[in-house]
Structure formats: structure tokens, C-alpha cells
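Common to both upcoming complexes is subunit A, partnered first by subunit B, then by subunit C.
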Partner chain A sequence: MTRSYRYALYIVLLAVVLAMLSPIYWLVQTSLKSPAEMASFPPTWWPSAPRFANYSDAVSSVNFVGALQNSLTIAFITTTLTTLSSAWVGFGFARLTAPGKKQLFVILLSTMMLPGIVTLVPTYLIFAKLHMVNTYWPWVAWGLGGSAFLIFLFRQFFAGIPKEMEEAAIIDGCGYVGIFWRIFLPQSWPVIAASVILSFTGAWGDFVGPAMFLSQDSTTLAVAMATGYVNDKGLPLNNLVAAGAVMYVLPVLVLFMFMQKRFVSGFSTSGIK
Partner chain B sequence: MSSALTEVRRSAAPAAAEPVAQGKQKPPSLRQARAFYLFVAPWIIGFVALTVFPLGYAFWLSLTDSDGLSPKTHFVGFANYVEIFQDPLTISSLAKTGVFTLITVPLSIFAGLLLAVMLNQRLMARGLFRALIYLPAVVPPVGAALTFRLIFDRDAGAANGILSTFGADPITWLVDPNARYVLYGLVMWGCGGAMIISLAGLQDIPRELVEAAQVDGASYWQSFTRITIPLLSPVILFQVITGVIASLQSFAPLLLSSGSLSGAGTVPQGNYMYMIHVFAQYFSASRFGYASAMLWLLFAVILVVTLIIIKVSAKTVFYTVEPEGKR
Partner chain C sequence: MITTNHGLSRRRFLALTGAAAGTAVAVGCSPASSTNTGPAAGSSAGSAAKGTVTVMSQSGEFGPKEAKAAAQALGLTVKTVEYDLTKLTAMLASGNPPDVVRGLGATETPYLVARQVAENLDPYFEKSTLIKADDIDPVNDVWRYDGEKQGSGPRYGFAKDYSQDCTIWYNGGLYDAAQVTRPSGTTPLLFDELLEEGNKLTKRQGAKVSVYGLNPNGLGLFQQLSWMTDLAGGKLTADDLASVDFSSPEAQRALTWYLEYAKAGIGPTVLNPDPNGWDGPTFQAGRMATTLSGYWLGGLFSEDPKSAKVAGFAPAPQFDTNRRVSPCFGGTGLWIPRASKNKDAAWAVMEWFLAGAPAKARASGGWGIPPLKSLQTLMPQKLPYQKQAYEVQMAEKEHFSVTSFTPYVRVDAINTIISRELPKAIKGTTSAGQLADALNSQINAQLEDGKKRLR
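Presenting the complex of A and B:
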């Protein structure tokens, strides 16, 4: 690498980083502007007097706490059930054989390519018929069914564990459930971590699901942020939108900063096929 | 990537050899088969109840004139499907979705690949660069869309602020015909996701291969096009397929980045794509039968497009290991 090439590379990369971070900068500075400053044109590049009251207003002017509770409940249901169920199914595909296994595995892999939203609407209609709309049951059902991608991740991990361990356990009279629970699951914490992070961020970020399946007053933060902050004329109160969005996005970004490796491993192994 | 593939093979091979190795035990014992189905049952039940059955239900609906409310529905055969091809709004929304896909999918894969190649070299603060460029891809979609609305707000947005410093008149971004550029910007903001996938692929390419070629006198460009790209092609194919599937069913970003958030009908024409139209048909027009037919058409389109991509790419994509499904 020549020196001038190296400098050019750094300049390009710095410009990209700047472009990637500037929207976040704009979100944060908008969240600190007073209504008067929001109305002035051209916009200021940093609020003349940062108004932190926007954050308390953002919490009080929509049912923020309630939406937060709903978001956390749904994220918790999704994360625990999806992770456990995917590990359970992944163990089956990794360590047990039966007629039809190969075909089922091919089906599992191809479901990763199924268009999710195409099944979502008819699923909604079915849950509506069962009077389970506006409850958490749909998320319980989705969680129990596991996620094809996470099943695949667990399967890959379990397949690499030496056979001797489970043979010893079988000799000791341990059943397959015991082998899964006592030997395999405790070893798989790297996959569990990736699974928890992926399913948490997925549930936290989901908009269409809660928008369809939950009513406006029992909805999640994602929906409340997108629809809640309007004045009596129905126009968005942008500084509150920004403050709410900062609070909504922050947990994910903090999680990302501390668990970067898990994020990346989960994301990049999705390129396996 | 390739290491993951070899792992599939490594783990699959002993599984296949198992009955032979265990010799005296009969091939997959009944006890084990029962255990296998006990373990995969949650997924099978979930797949049937939450995917197969809804798809079947939608297909049945698509053959009726159901409005979702009145109990009296009539069987209308394939009339809904015939209507799709006579409805200019449906056709134009499908065409817009196609154009959107053709522009954004290659563009973000290319941008991601370019960034990945740059950040696969020995550089100072490489990890920090990667993390910061990837960061927008983990911002929840609602947060990302709202952020872009704020940037492109007519009065308080940064875009018009920048224009005004050059003396240009403010632009109303969130309506036709400009809303589509905001959408493109929003999609490209997440291209760090493509970068991470390509980067993982690049890291799996043995350095010796590239170095050996360069010792033999290959230029950087030659080794890139003859070695790196072919070895990366399965990863690129994966991104094309998942990207196209995701893009054809785009919904939330369109609704959230333009539109008044109160309904699918408020999305500007330029961003009025197929799934937006489907939702409008379901929940604004209460045409459950017709909307279900539209869903099935999208399902078929995605299936056919995926198969075409796989077929066309079969000659150009280079697998170091046979993909598992083929064996």
C-alpha cells in the first residue's frame, strides 16, 4: 500500500463514517430543540438552549410507560421461548436420526426464504377468528415454533460437540431430554447469547406485528413512537418524536456496543447458505 | 462462510455413517426416531399452524369475495386473480416494487462489498470503522424511518438547512416525486449490514491464494476479479436472494418514511408499492378475497424470481463445497 493510497482510503472511510453517523446526530439535536426553534427556518445546527424537558414531555404525552412494558413483555416472551425452542429443535436435527430427517432439514432451510409478511396477514385473520388478537398469545405461538435461522445456528453448534459426552450420559441412564438439558444447553452459551440478542432486537424493532395484532392503547414502543406524537391537528411534534425515538433506539445501541461480537456473529453467519 | 459449509459437511458425514459405526445397533433405533420427532415437533407444529395453514387459508379466501365481516361469502373461482391483471393500480404498484428492488438491492450489495474490501485491509482503528459503519443497520426500522423524516422535514430538516446555506429554495421532500429519494437514502443507510456479510465472506478466503497469485505476477485487480470475487460469489448470491425477497415485500419503511402514519392510503404515489396496496385492500377497502389473491401472487412472484436467480447463477457461482441441499 502506497502512502497516498492509504491517506485516500482513510479520507473515504472517514467520510462514510461521518455520513453514517450524521443522521443520529440530527436525531439527538432535534430531540433537544424547543418548539420555537423547531419552527424557525433555516434550522439551527445545534439547539441554542438545549431543552431536556422534551424527554419528560415525550414520556408523559403518550402512554410511554405502558408501551415500554408491552415492548419488554413481548421481547421477553419472544426471546426466551424462541431461544429455548430453537435450541430444542436444533438438538434434534444435530444429534438424532430418524426417517424423514433429511427432507425436514431441507424444508427447514427453505422456510428461511419464505416471505414473512405474506403469511402474517392471514395469520392475523386466523388469530382474529380465535379472538386472540390484542393478547400476547400470538407471540407465545411464534416463540414456541422457534426460528428457522436460530434452529440452524444451534444445530451447527451442537453438531460440533464430541459424541463421547452423550454416550457417557446414555450409559449413565440419562435420556435425550436430560442430555439436551444438562450437557448440550449449558455448553451452548455463545449461541444462546447470539439468539437472545437477535430475537430481542427483532421483537423490539418489529412494527407490523404489534401494529396489526395489538390495539392502540396496548401497543408497543415501536408503534407508539411512530404514531403517538401529534398535536391536535394531527401534525407530528417533531422534537418529541425525536426525544421518544432516542429513548426507543438507545437500548439497542447500548446492547450493540457491549455485545458487538455477538451481533456480528449472528448477522454474518446468516450468509452461510 | 466456507468454513461454516465444511462444518455442515463434517457434521453431516458422521451422522450418515452412524448406523454403520454403531454396527450392532439397528439403523436409527425406534427410540431415537421417536426422540427425534419429539424434539422437532415444536417447529413442525409451528410451521404447519403458522405458515402452511395461513397460506392455505389465504388461498381459500382468494377464491371468494369475502369482505372479512359478513358471514355470506361467495365462491368466485379465479376471478380475483383475473382482476389483478386488469387493475392498473395493482400492476403499477408491482412495477414500482420491481424498480425499487432492481435499484436498491444491487446498490446496497455493491456498497457493502466496496466497504468490506476497504475494511479487510490492515488499517488503523479498523474495528472502530467497521462498528460505526455497521451501526445504522442495527437501529430499529421505526427509529431509522423517523430519523429520516426529521432530516427531510421541510422546515426543521437538515437537508433543507444545507440547501439554504447554498441559497437554494427549500424542497418538500416527503411528497411526490421526492419521497422516493428519501426512501433510497433510508435503505442505503443500512448498507453496513451487507458490508458485515461480505466481510465475513472475505475473511474466509485464504490469504495464501491471493498472495500466491500476486507472486505469480497477477495485478491487484486481476486477483480480485479472478480469485476474490469467485470465492465470494456464494455470499453475494445469498445476499441477492435474501435482498430481493425482503425488498419485494417492503412495507414498514415505506409507510413510516413517507405517508402520514395513519394508514396505507397516505403513502405518496412514488412509494405506493405492492404490500402497501395489499394492506390498503385488506384494511381500508375490506376486500379480503382480492387482497388474499394479491398475497398469493406476491408469493408466486417471489418463488419464481428466487428460482430464476438460483438457476441463472448456477453457472457463475463457485462453491468450494457442494451446498448441503444438493447431496
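Presenting the complex of A and C:
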């Protein structure tokens, strides 16, 4: 690689990095502006007098801590149960044989084509009949049901593990539960990392589910922020929304930074790129 | 040996899966209980007997804070859920609706009543100690519907506050800078004057508008065009509320005026919306000269000295027909679903919120006109702009009249069609007449379908 080619590459990469970071920069500088400065024209690149009070207002305008706890609870339930159940089901599809397995797998994958919004009202009716509305039980049920995409991801990964490893375990007296827990799962950290990140961000960023199934005092941060940063007329206070959003994305950024290596290898080793 | 292992392991695998799932359920649910959410704390069963009222509203209007105050004042358990049309539909379908719901009386009442969703509140109003018949502002008639016409018949809801939504807020500083005479507080501007002044007040930097001269969009284009057609001497919606006619000369006059405004590029349109989403921040930034927003916008300026200094209030404009109407397209308030299981308690909450202590607090905030005449003396008049707005607003009240909206489709659906068809006409690819034909055919098809569904 010649020096000039390398410099050109760095310039391109730098431009891409700046393009990717610019929305985050805009979010942060918006979070420090007054409503009038936000609406000024031409737009200012940095607030003339940064209003750090927007952050304290964002925390005090809604039940931030309570909603944060609720978000973490739902994200924990979803991440744990979805990852476990998807891994188990993926293992079954990858390593066990049964009549109709292929057809069942196709049906499972086809559920990915169905937009969640279509089943929202029927799902509400079912949970209402079961007296599960305003509880976290729906997230337990969804978690136990697994995720079609994650099942596919685990299945692809498990299918790539040599058959001889499974046979050796069976000869040594290990059953399928043992094979799953002791041999397959410990090897699948990249996929688990991908699953944890996807499940966590999915639950953390979900607005529709909590808005539909929870009341205002038990709802999540996503809903509290989307509906709480308003004036007396219910119109949005966008600088508070931005300040809240900066705090809201931090857990996801931290999680991704810690798990990014495994996250990437999770996708590359499961045949999905 | 291997075969046996396979069989046994599979069964064990499945059995253990079930056991683990059960354990996970138990573990997974314990945090829900600890955070005290609804039925996990045992709230759903028998809640009505304990006097629980569920209010569906917006956080900024009736949220957990207001619920706590209501519970303390009335000795009831009050819960809140965020207003969402899909959630409301689901709750109604599940047979467990909220007991009190937020609504826009002006545009939603016929729709709710025709579907037999809203409770007739007349018996409650008759017994009310806080709301006396002679104290009710006429604007609350938007919550009445007799099956044919809005404005008469039983009351199905009540406004928390209101505005005559086509009255004008203007930035006096921008008028002075552009050497345009400020709007009169007593004589309404004519639409042609409004357009001409909007052009003079608009400032541009290159292709971008730095100061909007005018925003006449109000709460929705169908509402605005209905009002303008009325001012021109016609009717956009037929008397049976089952069809619209954008082709009449009066409706064409309204449509042509709006297209002239949109083509001039002097204010937000569906093609070039204001990125701020609403006029408040734009006005505060000194970038909005004139907006047909209604009295409520003034609530924003009381804590913004810069805006308070330049803000002025003026009557709703009119055409040269001498017809003067100053409508209300919101009348945001509360209603009680017919299927509510605790209507008496729901009314107690509603009455407290709309006529009790919270109503007095709202009245002095300046974010709307109180729905009771007796509370209107509490409207803010301390700052010069507040005093001027109060005087103009009180005189404007006599020009209010109820506009009937159709019960067959939601007004949002009509506005969606208008927003879809309008860009072609603004760009000049279709004429006002062609736009009218397209709107007539699409909106009337929806109205017909909606009417069929009601039968």
C-alpha cells in the first residue's frame, strides 16, 4: 500500500467517522440550547451560553429514576430469557432430528415477515384476558417465546460445530442437555454477545410495547421521555428531549463498547454478514 | 446404548426446558412486583369496588402528579395511562376501557357518539355542584351532538380550556422592522391583507426562509378550509355531514387563497414544514411574524420577556363578505366511555379536574381560556401583552359558533388525504379545480365507507 493511498484511505475513513458522529454531536449541542436558540436561523454550531440545567430539568421533569429502573428491569428480563430460549431452540433446530423440523423452521422464519404492529391489538386482547396488562408478564412471555432472528443466528452457529464433538460427548455419557450447556453454549460467546446486545437494545428502545401494556407510573424511560418532556399544552420541549436522549443512549453505548468484538464475530461466525 | 441415550436425553431435555422456563418465569417476574406495577400489586381485580379511576390523558395535562392530587382530594385511587388511539381502541375492545379519556371535543364528538362509545353526561351536569348551567361557556357546545348536528343535544364531554384557534399572534418587532402596520385589536384583517403583509414580513437567506411572514395552518387544513369556506359564504361539508364539496365557488376561494399562500413560500406548508414542529420556538426565536394559533400560545410568553415585549394579539381574519366567525377546533377536554365500570367516580375526577382547584390554576396560567365563565376573570392580565390579549379575546368570544364535523371518519383521515394531494397543486402540476376534484372523490369515498360501517 503506497503512502498516498494510505492517506487517501484515512481521509475517507475520517469523513465517514465524522458523518457517523455528526448526529450525536448535533444531539449533544441541542441538549445544551434554549428553545429559542434551537429555532434560530442560521443554526448555531454551539450554544452561545450552554444550558446544563437542561439535564437536571430532564431528570426532574419526569420520574427519570423510576422509569430507568423499569427500563432496566424489562431489558434484563428480555435479554436473559430471549437469549436462553433462542439458544435452546436454535440448538434443537441445529442438532436434533424430528419429523417436520424443516417446515417448522420455515414457519418460524416466516414470522419475521410479520410486522409487530399488525398483531399489537390482538396481543393486547390476549394479555388483557389473562390479566397481564400493567405487569411485566408480557415481557416474560415474549422472552420465553424467543426471537426468530436470534434462533436463526444460534442455529447457524450450532450447525457449524463438528458432529464429532457431539458424538464424543454422547459416548462419554453426556445427554443433550449436557451437550448444550457444557459444550455448545460455552463455545457460542460471540453469538450470545450479539444476542445480548440485540435483545437489550430492542427492549431498551421499545416504545410501542411499554406504551400499550404499562400505565404511566410503571412505564419505561422511552415512554416517559417521549411523553413527559412537554409544556402545559402537551407540545414538545425539544431541548429537554435531546438532554434526556443523551442520557438514554449511554447504557447502550457502554454495552456495545464492552461487547463489540464478540458482537461482530457473532455475526461473522454464524454465516450472516 | 447410544440410541437409549438419545431418547432419554431428548425427553430430559424437553422436561428440563419446561422446568427452566418455569423458573425463569418466576425469577423474571419478581422485579415487576417489586416495582409496584398494576396487577402485580393486585390492582385489576375488584378495582372498581375500591373506587379506582383510570384516566387516559397526556402527561403534560393529567399525569401521575395530577392523579396523586385527585386521589388526595377525592379519596379515590386514580391511575393514568398515556393517551394513544391504538391503546384506547384495544382497551375498548377488551371490555376494560379507561374511565376518563382525553379528547378534542370540536372534531371528535360526533365520531365518538355515532359509535356509541361516549356516555351522555347530562345527568351528571344536572347534579353537579361545581358546574352550573349558566356558568358554562358556549364553547362547550362543541361537546354536544344530537345525531345530526354538533352544538345541540346531550353533552358528552367538557373542555379543560379552549382557544378560538384562528385568532392571531403577531411579533410587533418584526412588523415595525418591515414597516408594516401592526394588526388592529378590534378590526379583523382581510385574508388578502394577511397574504400581502405576510409577503412583506418574510425574510430570506438564499433559498431558505429566515423569518416566516405567516402561518395560517392552525390545527389542520380541513378545519381551516372549512372555516374559510364558511367565511366566504359557503359550506364545505354537506348538511347531512356525509359528503364534502371542494368545488363550490366558496370552497374554491378558500383553496385558491391557500395555494397562493403556499406557492409564495412565506410560511410552513406540507412541502416545507417548520422543523420545530410548532410555532412556539419559532416565535421565540423571532422568526414568526404572524400565526393563526389561538389564545393559548400566549402562555408561552409569560416566562420569556423577549417574546412578551413584542407579542400582540388580533382577531381572526375574514374575507370581504362581512361574515365573521371565530371558531374553536380543539376544546380539548375529557369524556367518559359508556363501558366505564366506575362512572360516578370517573365523573368526580372529571368534575374536580375541569372545575375544581386544577381548573383555577390553569385559568391563571394563560395556556387557554377557562371553560367556565366564572373562571375567566382569573386569566392573566399582569403584563401588557396579557392585558391586550385578554381584551381582544373577550371581544372575540361573541363571534364563536360551533362547526359541525362528520361522524363518519376521523378528521385526521381527511387531513391525510389533503396532505397527500396538496403538494401537486403547490408545485403547480394540478390546478385548484383538479385538486378539488381529487379531494372530493377521495374524501367522499372514505365518508361513504365510514357511513356504511356505522349501519
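What we mean here is this: the second predicted complex is superposed on the first by the 212 of 273 C-alpha atoms of A that agree within 3 Å, B and C clash if a C-alpha of one lies under 4 Å from a C-alpha of the other, contacts with A are read in each partner's own complex, and residues count from 1 in each chain.
Keep this in mind: contacts are C-beta pairs under 8 Å (C-beta built on N, C-alpha and C of every residue); 3 or more make two chains touch, one makes a residue touch a chain.
Quantities reported herein were computed from a predicted structural model and do not represent experimental measurements.
**Student:** Between subunit B (first) and subunit C (second), which does A:Asn54 come into contact with in this model arrangement: first, second, both, or neither?
**Tutor:** In the superposed model, A:Asn54 contacts neither subunit B nor subunit C.
**Student:** Applying the document's definition of touch, where does A:Ser71 land relative to subunit B and subunit C: first, second, both, or neither?
**Tutor:** In the superposed model, A:Ser71 contacts neither subunit B nor subunit C.
**Student:** Looking at A:Leu109, would you say it contacts subunit B, subunit C, both, or neither? Reply first, second, both or neither.
**Tutor:** first
**Student:** In this superposition, which partner touches a larger number of subunit A residues, subunit B or subunit C?
**Tutor:** Between subunit B and subunit C, B touches the greater number of residues in subunit A.
**Student:** Report for A:Met38: first if it touches subunit B alone, second if subunit C alone, otherwise both or neither.
**Tutor:** both
**Student:** After lining up the shared chain so the two structures overlap, which partner does A:Leu144 touch, if you call subunit B first and subunit C second: first, second, both or neither?
**Tutor:** both
**Student:** Going by the contact rule set out at the top, does A:Phe207 touch subunit B (first), subunit C (second), both, or neither?
**Tutor:** It touches subunit B, and subunit C stays clear.
**Student:** Check the residue A:Ser199 against both partner chains and state whether it touches subunit B (first), subunit C (second), both, or neither.
**Tutor:** A:Ser199: touches no partner chain.
**Student:** Of the two partner chains, subunit B (first) and subunit C (second), which one does A:Thr79 touch, if any: first, second, both, or neither?
**Tutor:** A:Thr79 sits against neither subunit B nor subunit C.
**Student:** Kindly classify A:Asn231 by the partners it touches after superposition: subunit B alone (first), subunit C alone (second), both, or neither?
**Tutor:** Touch partner of A:Asn231: subunit C, not subunit B.
**Student:** Just to be sure I follow: which residues of subunit A are touched by subunit B in one complex and then by subunit C in the other one?
**Tutor:** The answer is residues 38-42, 85, 88, 96, 121, 125, 144, 175-176, 180, 223, 227, 234, 236, 238 of subunit A.
**Student:** Spell out the part of subunit C that touches subunit A in their complex, as residue ranges.
**Tutor:** 2, 5-6, 8-10, 12-13, 16-17, 20-21, 24-25, 28-29, 31-32, 35-40, 43-45, 54, 58-61, 63-64, 67, 79-82, 84, 86-87, 89-91, 93-94, 96, 205, 208, 210, 276-278, 280-282, 284-287, 296, 299-300, 304, 306, 362, 365, 367-368
**Student:** Touching residues of subunit A toward subunit C in the complex: what are they?
**Tutor:** 35-42, 62-63, 66, 69-70, 73, 76-77, 80-81, 84-85, 88, 96, 120-121, 124-125, 128-129, 131-137, 139-140, 143-144, 170-171, 173, 175-177, 179-180, 211-212, 214-219, 223-224, 227-228, 230-236, 238
**Student:** Could you please specify the touching residues of subunit A with respect to subunit B in the complex?
**Tutor:** Touching subunit B: residues 1, 9-10, 12-13, 16-17, 20-24, 26-27, 30, 33, 38-43, 45, 85, 88-89, 91-94, 96-99, 101, 104-109, 111, 113-119, 121-123, 125-126, 141-142, 144-146, 148, 151, 156, 159-160, 163, 175-176, 180, 201, 204-205, 207-208, 222-223, 225-227, 234, 236, 238, 241-242, 245, 248-249, 252-253, 256, 260, 263-264, 267-273 of subunit A.
**Student:** What does subunit B use to touch subunit A in their complex?
**Tutor:** Against subunit A, subunit B makes touches at 1, 4-5, 7-8, 10-12, 14-15, 18-19, 28, 32-40, 42-47, 49-51, 53-55, 57-58, 61, 68, 115, 118-119, 121, 123-124, 129, 131-151, 153, 155-158, 160-161, 164-165, 170, 189, 192-193, 196-197, 199-201, 234-235, 238-239, 241-242, 245, 248-249, 251-252, 256, 260-262, 275, 278-279, 282, 288, 291-292, 295-296, 298-299, 302, 306, 323-325.
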